[in-house]
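One chain, chain A, appears in both complexes that follow, with chain B as partner in the first and chain C in the second.
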Partner chain A sequence: MMRRLFEPATVEEQAPAGKVVTYALLALWSLVVLVPLYWVLITSFKGPGEVDNGPFYIPFVDFTPSLEAWDFMLLQNYTLGPYLNSVVVALASTLLAVLIGSLAAYALVRIRFQAKLAGVAVFLILLVAVIIAVATFGVQWEVAVAVAGALFLISLLTFVGRTRLALGNSDVEFWIISNRIMPPIVAVLPIYVMFQQLRLLDTQVALIATYTAVNLPIVVWLTRDFFAGIPLDLEESAEIDGASKFRVFFTIALPLVRSGLVATFLLVLILAWNEYLLALFLSNAKAQTMPVLVSAQNTTRGPQWWNMSVLIVVMIAPVVVIASVLQKHIARGLLVGAVKG
Partner chain B sequence: MRVTLSQIHKSFGAVQVVKGLDLTIQDGEFLVLLGPSGCGKTTALRMVAGLESVTSGRILIGERDVTNVLPKYRDVAMVFQSYALYPHMTVAENIAYPLKLRKVPPAERDAAVRGAAAKVHLEEFLDRYPRQLSGGQRQRVALARAMVRRPSVFLMDEPLSNLDAKLRGHMRSELKRLQAELGVTTIYVTHDQVEAMTLAHRVAIMNKGVVQQIATPREIYEDPANLFVAGFIGSPPMNFLQGSLSGGTFAFGEGRFAVGVEGDRRNVTAGIRPEDCTVTSPSNGRISARVYSIELMGDHTLVTCQIGQEYLTVKADKLAQYAMDEPIGITFKDAAVFLFDSESGERIRSRARVDAMA
Partner chain C sequence: MTATAIPVTGAAPRRSWAEWLDRQSGRIMVMPAVIVLLCFAIFPLIISAYLSLSRFALAPGGFTLRFIGLANFRKLLTGSQQYHLLGKFGAIGALQWTIMAIVTGGLLFLLARYFLRGRATVVGTFGRLIATLVAFSLALVTVATFAQGGVPGTIVNTLLYVVIGVAVQFGLGLGLALLCGQPIRGRNFFRVLFFIPLMVTPVGIAYTFRMLADMQKGPFAPLLQAFGVSEWSWATEAWSARLMVLVGDTWQWTPFMFIVLLAAIENQPRDQVEAARLDGANGFQIFRDITWPAIAPVAATVVLIRLIEAFKIIDLPNVLTGGGPGLATESMTLHSFIAWRTQDLGGSAAVGYMLLFISTVVCVSFFNFVVRPARRFET
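Showing the complex of A and B:
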């Protein structure tokens, strides 16, 4: 009897007891995920009274739903602006990050890089020297950069080539991922100052550029394994057939990693869509995005839960739609039939 | 177009893979590079394709030096062992891909694709994807894609080795027919001696990065240049006996027989092909032996004979019947015996053989 509970009937099945545990855990996790969503949804149909006077969970029974908050946020307030900002910034930065990142990942997988360590060191020393010269000694920056550039070229032509130590592809890869190790809050002030100097604060361009740079390492690290999985024969065959490296990338490699690329696109899109910290610093009115607008509902009169909920619902909706549309493309087994019989 | 490889060396780090390869493939010739795995034949082919750079040496296609030319400018087509079909393209798109890259106008392209597909009997499959095809059909797509643009040279890297035995035999004859019809210079890499013997105009046998012999299949079989070639070609393989030569007699372990070569030397290997030997009565044989085992192969029987410590296989009639340990004699013609220096592996030329050939 006990054995029937704890041992599966066939090798493909789970034991009955295992099934119970599995589904119980799944149900619990579903609750954890779904209850907040439900809470947000019903709260968007509440007014201040329904929220403040106690926990009400069932519309029409516990409380009478109203469209007041929806009317206020979508019709009386200018929510469309931040919404469009979010769409433009998230889509543009994701497309750029996926394009540039997959190009970089492909190059890292298929081309051997050997940057001389001495060259990198000289570059960094000259960079610091330029900054000190410009900032402390008031040298004109054009002059400083020109001199440093010339010195760098001379060092490349003379001794750098003869040194042994070189950085390989794995070093480049580590450097790329290391950009994500640092918490963004560390970088946010320099980024702020940079865009201030460029007079690009509170523009979509600033957000797109920043998000692209921030998400690039993720794209590189996710897609490099997809590209590494393509049989080399396919690309060599294409090269013999007459394709350039870029042609091979766009007509052979990219279509073959489509499903992985779609998944990466989705992940990066969600990261960009939900990004709060950088948007808070880099935008205030014109380029404000949805997450900032949501947090702005925490007003001096206390958090406006109902307004916030409306914004959150309209924020979640497109992601759900895109995810379910793209899911079809995250198909496996695309490489079947490429090689071998 | 003629392909010339002169003094090609290739090293991967400290490992020398190809050592001083000199090879000229005539226009329209079907040349097979044959050798065991790791002998450098595939590397040699990849260097002709431009997928691998040469460490030193020169490669010419026609009169053009292509040593440092990118693959796409070499005007060669390659068929890979894995077929390397583009899985996201239909058969038609696969075949059209090289033409598309060459900006051939669509109408012309379609006609060429249909022509190539017809040559390999694929017309009905043009709209399918590679995953919907069998191994043999995929192989044909790869062939069609290679020949659709009429390249100067075909390069084939073990194209038949992923097919099952029956299909392989069929594709072999089709391949030979296609190559003859198209008349395109072909370099074909294989480790399968049957493919080499049946397909090639000339075979280049490689071992450890060095070409051992370049000759027609018949010459390679009947007049091997050294011990490696003699042992590599032929199934069942040539029998080898270790011994020494003195006064026109080859002596080994428990036997001796006259050979048409004068001179005294130790460390000699005598080779005799199983089909050149005949089993006779013990008194009539040039070597006396005992039957070790006998295997009926259908159209013939392999009789393994024991001579002291040595074994020798004889290809006998399918009706041959012997008991285990039955004493027998083995005979063969003088011309059937090849002598080699056991250390260098080089052939010790027999005057008798030269006379017999003349």
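Showing the complex of A and C:
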């Protein structure tokens, strides 16, 4: 339908000169996109000799490609470990972020609720008190957290419920989304210390949890518009039939926004897959991910271009394939988010 | 909350528990997200605030933290680290005075217009005052460090990446989207192809561009040697090094602008375009009167998303140039990272907080003064 509307009928309308310019410009940008990728790909089939003796451009014509670098990186070196880490961390954190984020987004769009301002204030005050107690007075953090938790519960049960001032859905939503503005470098030091205390440093769990948190705001931002866009009556009739809100969410709302979820999932997956700074802090050997491994290739003998190219190729190949297949969903999903976000 | 007034009878407990659960389901659904963000955003932010106000030192058997007030910030803004964050100020001449006068005039004009409309609120005034002050200070630092004899610091470098990078990416993305939005063959091919750079890891892009830009062994080496510039290296000069970072960043992020703007262009009212064309409107008129109003809200939002991410840049300069030559390509995140590596945790947190402050003010201002009006414009 879309295709019939504006593809064939109007092709002749364009002046031939304009058409030539259009295609020339598009071809030029295609070259801009392809040349770097092509160079990485052929460099991965070169050896030290081919790289050092000046540029060679076409395999089999001006140099003989070899699989040496591939053999070295994939079979002799320990590349599969980081690769597996990257796969596990990216997939798990993306799944978690999409699940938690879409749950929150759905509730923020569909269910009115309030968070008492007094409760938030008490929580923050207790949090600051715990930090000061641990940092300056040397209280055991387990003790401080337990005491603060008890105090928070008591205040919830006693006076918080009687106060009036409250935060509505839109306040909570704005707060969640605004977390994305925070540069990760501000938060990464305390997160590092936190995982050190929990003895989770350099584990996949630490990376999964952190990536989930970092990408959560994007998920909420995008999915809230998908949920806002679906008609209410289906959900309402299910609720009249006695289905709980959770049931409505999982059996009716989620399936309706499938394509939007695919877009969100893919975008977050790419972000998690390519993330560098947090991985640099939170992993060093066991849980090392691919971006960190790639950046670590700059050895004292200078960068080993051929080995590095292999890493870059294996890193981008799967996402390029997945995203090329699904990219139409991405554009549409992002569009919905961008229009109303 | 008055439902408890219903008398509870024998079979009721289980049902009322289910009812309670259903009534609370909104909160329960939001709770995981809130807890995750509290643990990984709010809690770290508070600790970072504390760190930025203290001095960290390694001590036998661990470390010590000493509260030193605003000393870390003072060091960055006026003390020994000023050259690093703000840069070295040059001689301010007539040109610099003129630029600053224009900037000040513009900001005052915007403020005055707001007040003269007579709908000023306390929050609105406060927000505008902060935005004006930040804009003025950033302009001042930029102008002063670009003056004769000045050296830009990490704030100015970050601003360059953000402002120039986002502007160029938006321009290129919009241009490509307009080209692809025309009735051409192979649109889907271009759409898939142009999308690819977005998925390449920034670290990989940095190394790729180092390979490409290699003066002796890169693919363009023969070309450069023909022009006789093989002795020169882009990495040794401030502007060429910055340009390399910007080129890498643009290569990666233009696709993002392109893909969303193209989707927006395809969504514009088709009948209006056809009608305008029948009436003899040229391409520019159609763009100005139909396409641009239709895509303005989307355009404003993608720029906002890019702004938010652009402030966090670290991978490219770190791998491409290591922040050099000198400080020429060091972004604020890289600055903070380097401070962390040299055990200056307080300084690192202070730089991070400066970045948080600047990017929050810029992004929130952009949202309030550009994105919101653009959306209102549409509806």
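We take it that the second predicted complex is superposed on the first by the 266 of 341 C-alpha atoms of A that agree within 3 Å, B and C clash if a C-alpha of one lies under 4 Å from a C-alpha of the other, contacts with A are read in each partner's own complex, and residues count from 1 in each chain.
Here is the rule we go by: a contact is a pair of C-beta atoms (placed from the backbone, for glycine too) under 8 Å apart; a residue touches a chain by one contact, two chains touch by 3 or more.
On a predicted model such as this, the values are computed, not experimentally measured, just so you know.
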| item | value |
| --- | --- |
| Touching partner for A:Pro231 - first (chain B), second (chain C), both, neither | first |
| Which superposed partner A:Ile181 touches (first chain B, second chain C, both, neither) | second |
| Partner chain in contact with A:Gly138 - chain B first, chain C second, else both or neither | neither |
| Chain B versus chain C as contact partner of A:Ile252, first or second or both or neither | first |
| Superposition-derived comparison: chain B or chain C, residues of chain A touched | C |
| Touched partner set for A:Leu127, first chain B, second chain C, both or neither | second |
| Partner chain(s) touched by A:Ser244 [first = chain B, second = chain C, both, neither] | both |
| Partner chain in contact with A:Pro55 - chain B first, chain C second, else both or neither | second |
| Doubly contacted residues of chain A, that is, touched by chain B and again by chain C | 244, 334-335, 337-339, 341 |
| Chain A partner contacts - residues on chain B that touch it in the complex | 49-51, 70-72, 74, 76-78, 80-88, 97-98, 101-102, 129-135, 138-139, 145, 155, 162-163 |
| Chain A - residues contacting chain B, complex | 231, 233-234, 236-244, 247, 251-252, 255-256, 258, 334-341 |
| Chain C - residues contacting chain A, complex | 18, 21-22, 25-27, 29-30, 32-34, 36-37, 39-48, 50-51, 65, 67, 175-176, 179-180, 182-185, 187, 190-205, 207-212, 216-219, 221-222, 251, 259-260, 262-264, 266-267, 270, 277, 297-298, 301-302, 305, 308, 311-312, 314-315, 318-319, 332-333, 336-337, 340, 345, 348-349, 351-353, 355-356, 359-360, 363-364 |
| Residues of chain A that touch chain C when the two form their complex | 2, 5-7, 9-11, 13-14, 19, 22-23, 25-26, 29-30, 32-37, 39-40, 43, 51-52, 54-55, 57, 100-101, 103-104, 106-108, 111-113, 115, 124, 127-128, 131-132, 135-136, 172, 176, 178-191, 193-194, 209-210, 212-214, 216-217, 220, 244-246, 249, 270, 273-274, 276-277, 290-291, 294-295, 297-298, 303, 305, 308-309, 311-312, 315-316, 319-320, 323-324, 327-328, 330-332, 334-335, 337-339, 341 |
